[in-house]
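My questions all concern the structure below.
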Amino acid sequence: MHAETKQHDFEPKIVAFVCTWCTYAGADLAGTSRMQYPSNVRVLKFPCTGRIDPVFILRAFQKGADGVLVSGCHPGDCHYMAGNFHARRRFAAFRALLSFVGVDLNRLQFSWVSAAEGGKWVDVVTELTERVRTMGPMPEFKELEHEEQWSTFAGASADKVLNSPELKEAYDSIG
Amino acid sequence: MSRIGVFVCHCGENISRTVDVEQVAKAAGEIPGVAYSCDYKYMCSDPGQTLLKKAVAEHKLDGVLVAACSPRMHEKTFRKAAEAAGLNPYLCEMANIREHCSWVHEDRGMATAKAKDIVKLMVERVRKGKSLAPITVPVTKRALVIGGGIAGIQAALDIADAGHKVVLVERDPSIGGHMAQLSETFPTLDCSQCIMTPKMVDVANHPNITLFTYSEIEKVEGYIGNFQVTVKHKARSVDEKKCTGCGVCMTKCPKKKIPNEFDQGHGMRPAIYVPFPQAVPNTPVIDRENCTMFQSGKCGVCAKVCGPGAVDYEQKDTFTVEDVGAIVVATGFKLYTIDRKPEGSPIQGYGEFGYGTIPDIIDGMTFERLASASGPTGGKILRPSDGKEPKQVVFIQCVGSRAREKGISYCSKVCCMYTAKHTMLYHHKVHDGQAYVFFMDARTPGKGYDEFWRRAVEEEEAVYIRGMVSRMYQRGDKIVVMGSDIQVGTQVEIEADLVVLATAVQPQDGADLLAQKLGISYDKYNFYSEAHAKLKPVECATAGIYLAGACQGPKDIPDTVSQASAAAAKVMTLFAKDQLERDPVVAKVNEKYCVGCFACKKVCAYGAIEEKEIRDRQGNLVKKVAYVNPGVCGGCGTCQATCPSKSIELDGYTDEQIMAMIEAL
Amino acid sequence: MTPGKKRLSYSYYPGCSLHASGREYDISTRALFKALNVGLKEVPDWFCCGATPAHNVDELLSLSLCAKNLSLAEEVEGDLAVACAACFSRLKTTQHHLKEDDTKRKQVEVAIDGPAAINKPVKHILEILAREFGLARLEESVKKPLLGLKVASYYGCLLTRPPEVPELDDCEDPSIMEDLLRALGAEPVKWSHRMECCGANFTLSRPGVVLKLSNAILESARIAGADCIMVACPLCHGNLDIRQKEIKEAYGAPDSTLFGNIFGSELRGGSAPDQRDVPIFYVTQLAALAMGVASESLGFESVITDPKPLLRDKQLL
Amino acid sequence: MKNKLMHLSNETMNVGFVKKVEALSGSSVRRCFQCGKCSAGCPMSAFMEHPPNRVVRLLQLGQGQRILAGRSIWYCASCETCTTRCPNKVDLAAIMDALRKLSWDADGPSKESYVQLANRLFIENIRTYGRQYELRLGAAFNMKSGQFLKDLMLGPKLISKGKLKMFHSKNKNIADIEGIFKRIEEMRKKGEAL
């Protein structure tokens, strides 16, 4: 039987950002094939990995994710021709940045999973879950969030953010 | 959105077995903004859909979430139902609690917890969703067909017969392609030219077809329904309008010993020539590399003898831009050569066959020309080296094909059949001759195909030897063929007079370059990729571009013609409407914030982003901003993730929606 | 007998074996037909059909010999009944070839100096019993049902192959023997080697071949739990019966083959190798026994692998 | 011979021989596409150096001499399994018959094999007696094959069981048989029959 039937002290929260054409379909295939994997993962669907803004990843860590998976079509197989290439370059830079600020890169995984790779999806998710489980919770960004509201998307409406006079001035000066 | 309805499906027992659906529905009902929630055995069933519609009306819902299977399964179903209930279909979403939850987890508690989470995330998505309207684009009802072989001809004729204008572009001086080169065709042995040339003439005479031969595709812009294709018309050096096709220039041309490509280099042609007598159009071209006039400036005989004065040495390449709504790609194939290849080429020739240095080792297409009544030998089977009639002919199948070591692991599909045909043609023409065929497998799926092959063996007395040839070398005027018969279990040696190689079918040279211009994908061999191997075998992943014939993969004539007609049918389907409707998941620019850096333009794979000038009332340029052409936008969202000022947004996947979902984690 | 139904009557071609090594087949056939009140009149002065050796090296001779026999049989009233599977196969093959091939027919007619009787119906004893006399009537006529007798019915090669020639039964899954056995009250066993070759006429030239092939048949019958094997061919009978002792010596305990050494005991459930005698019966012997014919007139004394202990055990003697 | 390099040409492929086989057997040789089903079911395959499918394959290549040089054809039991199961209607049993006849006629190297000897004695018996005389057949076989002790213990047993007759009477119409043999020989001499 699978690991999920065991009781663990720590159940990490894993967020997966996936493209709809390859990895989402691959995860569907894992389902139709009745494969089993840890239930820790929450999937967010995007049209393409090219759509995934690094800010999403930061925000996910902030909002309680202990591990993040980004997964899309294999290079060359992008439904949108080149979106995954842009994503690859973007995340290569982003990883360096994360590493620089001291985030353990073992918490963030990039994998290519095609629509035919249900088994690979299971492997990737299982591996990441178990790895993050051994690493324990990730407190850094969460603490940060309590300290300051630095994002326009921090739960508050845009009005509230624009309440600061500096921002309002800046906003009015545009266009 | 403050009145959201959540519908949790049991999917029989598929979901309810591991997920407590009642709890999920109850938890959903407690999410702020959810006005109604319930669970039901089969949401996709007719009563299930009715339940949804009724709930929308009764509870005045302004957004709907169905927690059930994958949206890839039933999103359309429920969006239709929502639309019928008066909601915008894009305000209906699905939470996947089957494929991503109940089927992959066994622990009921954890699966239920996960299902609740998924529903929570998706409720946020619905909450931030926007009404979207489908996008319409106009359709130019004019098609472009690239390639004038049997595939292109068939597609062009079908589309033209349906009443649409067609532009047919062919790279060579005449249409006809490989089929015009063939002698007789399997499995009926009817003469290829007899069935091919009437179709060529039909193309030339069809009022709806504009034929450009000796022309190539230079540039492709636009999108489905609205392509702008730049066609390069290579300088023919003969004015097509003036030329009457009398042929005097060809007879008078002093340079006559140029190997004719149409005869695989075994016949001769002059420097001003038509490739073969039935060529369409019957207008010659000057082969400038071999023409004395172009090489040394001294000659000009053709211009002198030309009555209408059609020869024009000054002619230049010209370009036209064709507006078309659909493109059929039918560029066909070439044959693998066993020559030694320059270093670095992925495909190596056959050193064990002497790298093609033995003149009497020929390929299948050359044999076709030898067997053809219009060929260099007038239909007599005579070997190239000394013109003698070969009495022992060895055919070798799978040369290049199914040879991983040569870089080709696919089966070329047509060789088994045409080799069987060759043995028959040979037997008909050389009664006392003996044909041998070395083969690994005889692959003859097709109507009447296996019977045809068996006829070659049983009635036409071809000796088929299961086994391959290891080496060939010249001994006197014979070619020693060293092979094996794995059924007998011995080595076999044959002293052959002629050896015919069934060489692999490969995509045309430059297939990759054309694909890049068209924005279509191709495989590692350069064969063009269809959108789906089974269900979309004719369409490219790029909308509005269709495939026909061997450019997609090795194909015989019946399959090619079928696919060409299928591609034509797809074009006609597209042309049946004046406007094209498409999914409104496209990017939009907030011109107020856009600073005109055009980072988005650089990353857009579709070329959908244009520069737009914003002017004041006086007409002074205020700033330049990006503009997304909704007809071209593919909806990947790369631009949005790239935009530094966050002023471009993909409908259906806005930052607001995604951030709301992340917040709900 | 059904009232008004004509008494069945046949001409009879016994063949060489039935007058020699297969005499008990002939004896029991005659006894059975008498018991069933079916007429049987031997064709006078019949010749050897040529059997396998003739067609092996000289097809024309083989066809001519059979054609000659067929025209001799024309003189006797009734369809031609044949007991020997080999003779039956040769006679049917001859008719089949001569019907299909005019050239061969003409050559044969020259050789036998007369017309070939290609339309004389040729019937195997099995056919006569199961179809013409009929299983129902046979069942009615049984006086001493063969209760508790587990029989492996062995068809061999020539009764059914090739299908267009004997036209007796399904060529890969026949049931005529089993049907017959059931009618006689016996229990046909399911087994694997019903149609395998026994080695046939190699008994003279290559007995080693016969030992190997026949051993496989006997083994299979034993594994299936059969008490005995029923045959319809004197050659098969010869190989399985006369050579049974030799087979045991060659392949018997301890199992001399590597396979036998390693797996033999497992296959047999850990017990010692099964060395049971497997008596071989002709179909007519069993049928006659069930009809209550005295066992003394069934030629059991000629059989090498003595069937009497088995029959006594089953209280059939 | 079995694995020797095979030179193929119009000269080395004996098509005439193959045509004879086809005429005698009434079965096409070329029709075989070498699926191997005949060899799969042949009870004698293990005893043959060329299994049945290879016999046909060699015929397809006009290599009759390779077949006749071997003993495969004499190990065919004529069980007809191959013919019955051939998916392509090749009558292999008949082809085997034809090959044996041609080997017999050609005085082939295997003519005096035990099988051949048994066949010859069998046919001689028919010519002399009209019917089989099993005792003589066995005795003559043992004499001629030099296996004087073969089945030594079996003979007397069979005699005592009445399975072998000591004496055998000729058919009354034995002249008819001689006529058949004579007329066949005549036809062959005149070339009216193969």
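First chain written, first letter: the chains are A, B, C and D, and each begins at residue 1.
Quick note on the criterion: a residue touches a chain if its C-beta (ideal position, glycine included) is under 8 Å from a C-beta of that chain, and two chains touch if they have at least 3 such contacts.
Not measured: the values here are computed from a predicted model.
Chain centres here are C-alpha means, and the one lying farthest from subunit C is A.
Computed centre separation for the pair subunit C/subunit D is 23 angstrom, with centres defined by C-alpha atoms.
The distance from the centre of subunit A to the centre of subunit D, with each centre set as the mean of the Cα atoms, comes to 80 Å.
Centre-to-centre spacing of subunit A and subunit B amounts to 36 Å, using the average Cα coordinate of each chain. Each chain gets one centre point, the mean of its Cα atoms, and the points for subunit B and subunit D are 61 Å apart. If you draw each protein chain as a dot and join the dots that touch, you get a simple line with two loose ends. Annotation, chain-chain contacts: A-B, B-D, C-D (touch as defined at the top).
Of all residues in subunit B, only 70-72, 96, 98-101, 103-107, 110-111, 113-114, 117-118, 121, 519, 521, 541, 585, 591-593, 603, 605-606, 634-638, 640-642, 650, 652-653, 655-656, 658-659, 661-663, 665 touch subunit A in the complex they form. The touching residues of subunit B, counted against subunit D in their complex, run 391-392, 432, 434, 436, 442, 454, 457-458, 461, 463, 465-466, 485, 487-495.
Within the complex, the subunit D residues that touch subunit B are 2-10, 13, 28, 30-31, 33-34, 53-54, 57-58, 60-61, 63.
Across the complex, subunit A meets subunit B through its residues 1-2, 4-5, 13, 15, 24-25, 27-28, 30-32, 34-37, 39, 42-48, 50-53, 56, 59-60, 63-65, 78-83, 86-87, 90, 122, 153, 155, 174-175.
Interface residues of subunit C facing subunit D in the complex, by the touch rule stated above, are 16-17, 19-23, 45-48, 50-61, 64-65, 68, 97, 100-101, 107, 110-113, 157-158, 160-163, 171-172, 195-197, 199-202, 204-207, 209, 213, 242, 301-304.
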